[in-house]
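Here it is: the structure, laid out below.
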Amino acid sequence: MHLSQIVDFLSTQGMPSELCGDGDIRIDAVNTLEDARPGEISFLANPRYERQLKTTKASAVVVSRKHRPSNGLNLIRTEDPYAAITALMVRLHGHRRPPQWGISEQASIAGSALLGENANIGPHVTISERVIAGQNLTVYPGCYIGPGCVLGDDVTLYPSVVLYEQVTVGSRVTIHAGTVIGEDGLGYAPVKGKWVKIPQIGWVEIGDDVEIGANCTIDRATLGATQVGSGTKFSNLIAVGHGTKIGPDCLFVAQVGLAGSVNVGKHVTMAGQAGVVGHIAIGDNATIGAKAGVINNVEAETTVLGQPAVPINEAKRQYAVIQRLPEMRQRLRDLENEIRELKKLLAEQDGAS
Amino acid sequence: MHLSQIVDFLSTQGMPSELCGDGDIRIDAVNTLEDARPGEISFLANPRYERQLKTTKASAVVVSRKHRPSNGLNLIRTEDPYAAITALMVRLHGHRRPPQWGISEQASIAGSALLGENANIGPHVTISERVIAGQNLTVYPGCYIGPGCVLGDDVTLYPSVVLYEQVTVGSRVTIHAGTVIGEDGLGYAPVKGKWVKIPQIGWVEIGDDVEIGANCTIDRATLGATQVGSGTKFSNLIAVGHGTKIGPDCLFVAQVGLAGSVNVGKHVTMAGQAGVVGHIAIGDNATIGAKAGVINNVEAETTVLGQPAVPINEAKRQYAVIQRLPEMRQRLRDLENEIRELKKLLAEQDGAS
Amino acid sequence: MHLSQIVDFLSTQGMPSELCGDGDIRIDAVNTLEDARPGEISFLANPRYERQLKTTKASAVVVSRKHRPSNGLNLIRTEDPYAAITALMVRLHGHRRPPQWGISEQASIAGSALLGENANIGPHVTISERVIAGQNLTVYPGCYIGPGCVLGDDVTLYPSVVLYEQVTVGSRVTIHAGTVIGEDGLGYAPVKGKWVKIPQIGWVEIGDDVEIGANCTIDRATLGATQVGSGTKFSNLIAVGHGTKIGPDCLFVAQVGLAGSVNVGKHVTMAGQAGVVGHIAIGDNATIGAKAGVINNVEAETTVLGQPAVPINEAKRQYAVIQRLPEMRQRLRDLENEIRELKKLLAEQDGAS
């Protein structure tokens, strides 16, 4: 694509832009400012990397409208450079195309499984009885799909994904390697110092357009459903407890953990290593800070931080005071000395009068 | 089962109960208060859900003896509703029954492996030389059992479980999908700025009646054994370091991490995302709070919290004071002002006298 | 080996030592002080275990030069007992020798894959098109190596390791079971309340002599490379975000998490459950404490602790003051009372004068 074509393309995507430079330059790929070579386009979205504009070998850079042209670099100025470069990456590189296995002879597929058109099933896969899947199913090697699972259209399971029985998965869902869905939760009744297992007879429901990272674990519910809402995206190593219900369009960063019976609203962001205790609710559009320990309900539209998690302003105030503690302690000591002096003075006055 | 039969059944389980309602009503399943339909029985164990009693469609509800009958709902009153509903779930639903593979032709089983009666081995499984297993072994697809592993009776390995060589597993043990046992721990000797690997020549011993969640990792010991005691239950994504010894009947919530050479007593509870440094001891019946960072020995029968973890009362006191810090800072300022006033006053008096 | 031979062997390893005891005693194995039996040698490196010297059944013990001979125990005194016992473990026990599968007929290997000499490929393995590997490759059962991956010599992949496409791995690299490398990172552009996937077109580069623990996840970069430097060692359940670059000879303990675009220097230590936010830098030889939450750049050679992480001295000072907060609060109350008394006294004086 020539730079002028890129400007045209962005315009068709609803992202008007302005070219400062040579529209005839040819672009083959997207790359970072640091790694780009001639023939590649890059972008500046995080001001942290601004100084790399001076050294980049990219043939052009997508920047925000605030950014002024300088030193001969070809620039495409647009409102949201990150959204623009995303559109360009999809256009120039596309998404991953899986190997084409057809239905591998080394896969083990139960007779009662019903797979839709264009199923692409790798070797060493096990698909159990009564599984039903829509069209364009891709299952990478080593996956296990348990009895009675139901999958929508355009589902991709990367290697070694495990779905226990009766997990339902929507359409356009991607699950990364090693993730386990539907295992039993930690359900035991304490009886005379022993833990007696409670059968976990519920199931898991994954909505449409969900993407789950690698090596996550999502417990089946004890009763009823554990749910992940449509459009929600998980990073890696995330644990979701039994019976927890997560709304649509959430974004969970790596190593987040939710106990059981948590209710998470829509478009909630949870940063890395955050944790949530059981039986509480997190409102719509809430943001949970990294490493936060959430032990109470979180109101919609709020940001919480800390352990235990409190609203961000409170957390910052607490933290600011903690940093001043050594100073406060010194001031306390000074006061004690002053009082001692005052008392001595008063005693002297008293003696003198 | 009719409600009257349920009361009889609970009585045979050592859980006397009282029926307030119609003993002829037929019950087919257990469900939550929220999801139950007619023909299903539910329960109330957590007061948080008490208001759902008014809206539930369940045909009957198991409640505690404190709970008074009202508004025509069929109630079974008993001392421990959670234990009662557990017994009912086992009676009405039973535990998971695995697919029956016999010994799959797509499994790879070494000639010297000795499997007991009724082995049920799925496709794509690898069982190595000199493995010995008791009766009723179930191995789901994709598992790997390393050379010389010894397994008791009634063991179930869910898909993609990996046991490195010489792991011993007791009877009635369940290991969920993706869990790895017996990998090398982080054992290196620092030599001139490099990390020189120390052979990890120990092994792992899992006791009887243990259940391990999904995607956990339990290191083999450098020397001797890493141990998980009988009756202990793990949730998911738990890391256990080399040489750590965990006693019987413990309960570990998701994402707990223990470093190496930790000694954990019996019936210890560790809440989610808690961590323990190496070479310390945790006493019997101790409870480690969620996200706690344990850096010192924990006495038996105590509960610790915080980072670093301290006894719960101390942690709560610290936290309460931290919340009051902005107020304390204001009081400190007030005192400084008062002292200043007093000194001015004294100086005036002094001048006046 | 006889004890006298052990002393000779250590000497050849550049670890001069002194034998206090009987050089003719025969040693077959290394073991812990607690578990050792006659014929075994043990060691004392951590003073915590010193009392076990009195009860050990080991035939000899490697100790530091500070340690004085006593009670008839055969001792080998040397400067670094831990390094010495490591050398002895390698000499007496060696490293794990994998099963010999040759190239299993139950493996699935693409026609265009090029494997070097002595490839040892277990059953249920998938090696994709255009994979290139050096000599002595060992791949345990259930692994998946994606299209275009390039591996050096002497690489070992334990069971169920997953390498997505175009991951490059150096020589003498070991990856433990269940680890996933090259999955897509959490890359989405927010568009009208939805998350639009950004193609992750970068790759992952693992250096030479790297060891990665079990069930880790290392994201491929959005653009360019995610890197793990030569000689770096990971424990288990570690998450590395897209585009993060980790230098050589680092040591990461279990459950550490790094967000994307982090730059980690050489020989950095990260203790268990530590976390690092995106787009920051950690200098050479820095140490990140257990559970630390790093949100700012960390200077080379420094140790940080806490959430948010601060230099260790500051963290300790803060923590010491927090522990004294209840006492400070009491002192504040005392001061308030004293001031009240003083004011009363002054008022009385004033009235009296």
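Labels A, B and C are assigned to the chains in the order they are written; within every chain, residues are numbered from 1.
One rule holds in what follows: a residue touches a chain if its C-beta (ideal position, glycine included) is under 8 Å from a C-beta of that chain, and two chains touch if they have at least 3 such contacts.
Fair warning: this is a prediction, and the values are worked out from it, not measured in the lab.
A.B. asks: Work out which chains are contact partners of both chain B and chain C.
C.D. replies: A
A.B. asks: Same residues or different residues where chain A meets chain C? The copies count as same if more than half of the interface numbers are shared.
C.D. replies: Answer different: the two copies use largely distinct residue numbers here.
A.B. asks: Please work out the Cα centroid separation of chain A and chain C, and write it as a whole number of Å.
C.D. replies: Computed from C-alpha means, the inter-chain centre distance equals 25 Å.
A.B. asks: For chain B, write out the residues touching at least two other chains, lowest number first.
C.D. replies: 106, 124, 142, 160, 178, 215, 237, 255, 273, 291, 307, 322, 325, 328, 332, 335, 339, 342, 346, 349, 353
A.B. asks: Can you name the residues of chain C that touch chain A in the complex?
C.D. replies: Residues of chain C touching chain A: 106, 108, 124, 126, 128-129, 142, 144, 147, 160, 162, 164-165, 178, 180, 183-186, 188-189, 191, 193-199, 201, 215-217, 219, 223-225, 237, 239, 241, 243, 255, 257, 259, 273, 275, 277, 279, 291, 293, 295, 307-308, 317-318, 321-322, 324-325, 328, 331-332, 335, 338-339, 342, 345-346, 349, 353.
A.B. asks: Can you tell me which positions in chain A touch chain C when the two form their complex?
C.D. replies: Residues of chain A touching chain C: 30-32, 34-35, 46, 48, 82-83, 86, 89-90, 93-96, 99, 104, 106, 122-124, 140-142, 158-160, 176-178, 211, 213-215, 231, 233-237, 249, 251, 253-255, 267, 272-273, 290-291, 307, 319, 322-323, 325-326, 328-329, 332, 335-336, 339, 342-343, 346, 349-350, 353.
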